[in-house]
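Both complexes shown next keep chain A, but they swap its partner, so chain B is in the first and chain C is in the second.
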Partner chain A sequence: MDTFVNFFLGGFANGAVIALMALALVLVWRSSRVVNFAQVGQAMFTSFVGLTVVDLTGSWILGLVIAIAAGAVLGLIIHFLVMRPVRRADSSGAIIATFGVLIALQALAAMIWGGDPRAYPTPVSYSGITVFGRVIAITPYDIFVIVAMVILVLILTIVLTRTKLGLSMRASAFNPEVARLSGVRVSRMLAAGWIIAGMVGAVAGVLVAPTATLSPNSFDIFLVFAFTAAVIGGLDSLVGAVTFGIGTGLLLSLVTGYSDASNAALVALILLALNLWFKPEGAFNHHKARSV
Partner chain B sequence: MLTIENLSVSYGSVQALRDVSLTVPPGRVTAVIGANGAGKSTLMRTLAGLVRPRSGTVHMNGEDITGMSPEDIVRRGVALVPEGRSTIPDLTVGENLRLGGLWRTSAQRNASESRVFALFPILAERRSMRADTLSGGERQQLAIGRALMCGPQALLLDEPSLGLAPLIVTQILELVERLARESGMAVLLVEQNAATALRVAKTGIVLNLGQIVMSGRAADIASDEQLRHAYLGY
Partner chain C sequence: MPYVLPLTHPVLETVGVTVRLSGLTILDDVSIGVPRGSVTGLIGPNGAGKTTVFNVMTGFLAPDEGMVRYEGRRLKHVRTHRLTSMGIARTLQGVGLFPALTVEENVMLGGSSHVRSGIVADALAMPWADAGQRRLRERAREVMEEFGVLEDAQRRPSELPYPVQKRVALARALVSDPKVILLDEPAGGIDSGDMADLARIISSWVPQRTVLLVEHHMELVMNVCDLIWVLDAGKVIAGGSPELVRNDPAVIAAYLGEEDAH
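Our next item is the complex of A and B:
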């Protein structure tokens, strides 16, 4: 029982990070109808930027702030330099372009920071809390990650539902023509989607880097997890991304704990296949399924 | 005043509009009637900036708006209610309205909103409900309300009667006519349902295969039996 609780608790923080990555995927999907496979590459690259700042200044929080800013800039650059030119092609062209961006970012990161895994510091302790003389598997850092995710989700919810920018972004996603006729500059809203997704991805990267070490390829597996969570959630749904992000984290922690870490990706893929088989429109999506 | 001169539009090799000239004066309704495929919707979409004309010009209060983007045209006071109840079902009624004219000052927006609620009280009642819970007639009111939120001096209505019960159509069109008269707005109304449109309009044009075949007082068009048989099919 003890082990089960430990595995379960350990999965929460991981789930929070997967939820953030899935949120970033959903934000881009909603604005551009593109699955952004470069998202983990952007998160990795901006985490390296953050680590460089931490190394130079010794300030974890400054590293986070600069990483978020870098995430926004990188999102904007990818939108203008890659996605806008390929938009005239069909949507599979755009998706393949995001793979190209992923590979380019990994190569660039390896050239700048090298291929060896680097340790990313934590702002709070990363060792188990002792409760009644027993060490449990949740650490102060895990709690920090979960709180950070909750705050970020709240901010995003407020921006999307209570501001002019959020209303413009949602209207542009649902019906670009009506949005334009209402005076919304829809092309700017696409850029806004990439910028905000880049910022959310940067936070996810900085939060997960201390637990996974940072190297050009160290986040690749999160692509599988986040993609699974986002698709099961319906790709359009922020609530779905968060719910299934955390759910995926918990499940993977149990799988890793009871069998082996190498099975985690396999389980994620099985989940994805089952979802596409039985409920292809996603659990939180009211619209009819996209057929392949 | 919306002034259209020698407007021509092509889709590939198909010419949808040929040399259309028309002025839409303030304070009243101008009707565009014609059969399916006559180019009515193309005219409206071109005026709103969704389609680029091949030649010709469009002026709004003297300013050349030809070839501008929809976002810029609506800022110059020309708002389109496109065909088929242009509401966003995933947003609430209030959000659909607020979407119109986000660039305007909050004082302007509040004034427009109270005017829309006075005109369509049902929208005020339903403001926090999703737009897909509304009936067809209510959704058309919402679509017109969204356009009015942009503070237009020229309102373009594309087939507002589509799929609505005749009584509701009459109500909505009479409301639009009163709105034009009282606020001095120029209204361009496209209708396949010619009889209803000509009742509320002062003047009108008849389009056939992209060309104007008649223009003049609405009453004259309505009473011209030959024209009705030839182009309107009733």
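Our next item is the complex of A and C:
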């Protein structure tokens, strides 16, 4: 039973990071109707920027702040240089473009920072907490990650549901023509989606980097997990992304704990396939199903 | 020769507008004007090009020839997102509401161009952005009350009967306090009781506002319009008072032709 509880607790922090990455995917999907496969590449690249700042200044917080700013700038650059030029292509053209961005970012990161895995420091201890003389599988850093996710989700919820920006972003995503008629600058809302997603992805990257080491390809596996969580959650739903992000993290922790870490991606893909088979519109999406 | 009816200082007009799509001429040298403070109708058989005129006026389509003038000034490139701040609002065929937004959010969106808080200030919920949002909400509630949909403010459009959804769409158009309102088939799908309400609402807007109305319901058009333009196969075939248009042989022939086709 102790083992189960330990695996379960250990999955929460992982789930929080998957939830944030899934949120970033959902934000781009809601604004542009594009599945952004470059998201993990953006998170990786901005984490390297953050690590460089930490190395130079010794400040973890400053590294996080600069990484978030880099995430915003990178999101804006990708929107203007890559996504806008392909906006008149069909959706597969835009998706292929995001793959191109992923490969370009990984190559660029390897050229700048090299291909060797790097350790990313943590702001708090990454050792198990002792409770009644027993060390449990949740660390102060895990709690830090979960709290950071909750704060970020609250901020995003307020921005998207309580502000004019959020209202305009939601309207642009649902019906750009009507949004324009209502006075919304839809192109700005698309850019805003990429910027906010870039920032959220940067936070996810910096939070996961200490647990996964940092190299140009080290976040690739998170794309599978985050994509699975976002799709099962409904791709349009922030609540779905968070719920199934955490759920996926918990499940994968149990799979890794009871079998082998290499089975985690396989389980995620099986989940994805089952979801597309039985409920393609996702659990939290009340609109019509997407064709698969 | 294109049909031309000289008007004194129309607030909104198309001048010699021609639109070609896929080798077909959808609008052919169309010049129509909307006098200030009037209700002007734009009628014609199906496929005559009425909605295309609206699309040109609101920037959804760029004309191949001709231009749009608003308050005497040529609009070189009509930027759709700037229409509400210029004082022009448009409703769409059907209702065109956002299904995932509440009625209140739908209505608020129509006036969002009047809140100039800036994208960053808005994202950070700065005090001035909050104040703008509050004013917008108050204005939306006023308009919702005027249209009798205030009690449905927190409901989704799909939970409401179709005529109520139509009223929400009108409220959204009105929330920006427009000078000119383009109504695209506002009477579609509503019964005679709601039609009488609609006629009363439209008539109450003039002369403070100007209305351009595309509509198939002739009774509504004849009741509320001061001036009517008639399109057929992309060309203006008549223009004038309801009485004049009703008895115009070209108009009768165009509509009889449509009935024959059915």
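Criterion: the second predicted complex is superposed on the first by the 291 of 292 C-alpha atoms of A that agree within 3 Å, B and C clash if a C-alpha of one lies under 4 Å from a C-alpha of the other, contacts with A are read in each partner's own complex, and residues count from 1 in each chain.
Convention: a contact is a pair of C-beta atoms (placed from the backbone, for glycine too) under 8 Å apart; a residue touches a chain by one contact, two chains touch by 3 or more.
Owing to the predicted nature of the structure, the values given are computational and were not obtained by experimental measurement.
Following the overlay on chain A, a clash is recorded for the pair chain B and chain C.
When the two structures are aligned on the shared chain, A:Ile129 is found in touch with neither chain B nor chain C. Touched residues of chain A were counted for both chain B and chain C, and C has more of them. Looking at the shared chain after the overlay, A:Ala69 reaches neither chain B nor chain C.
When both complexes are overlaid on chain A, the residue A:Leu181 reaches chain B and chain C alike. By the touch criterion defined above, A:Ile158 lies against chain C but remains apart from chain B after alignment on the C-alpha atoms of chain A. When the two structures are aligned on the shared chain, A:Arg170 is found in touch with chain B and with chain C.
Counting contacts by the rule stated earlier, residues 164, 167-168, 170-171, 174-175, 177-186 of chain A appear in both its interface with chain B and its interface with chain C. Those residues of chain A that touch chain C in the shared complex are 158-159, 162-165, 167-168, 170-171, 174-175, 177-186, 188, 192, 196, 287.
Taken in their complex, chain C has these residues touching chain A: 58-60, 80-85, 89-90, 92, 96-101, 105, 108-115, 117, 119, 122-123, 125, 129, 132-133, 136, 172, 176. Residue ranges on chain B touching chain A, taken from their complex, read 48, 50, 69-71, 74-75, 79-80, 82, 86-91, 95, 98-103, 146-147, 149-150.
The touching residues of chain A, when paired with chain B in their complex, are 164, 167-168, 170-171, 174-175, 177-186.
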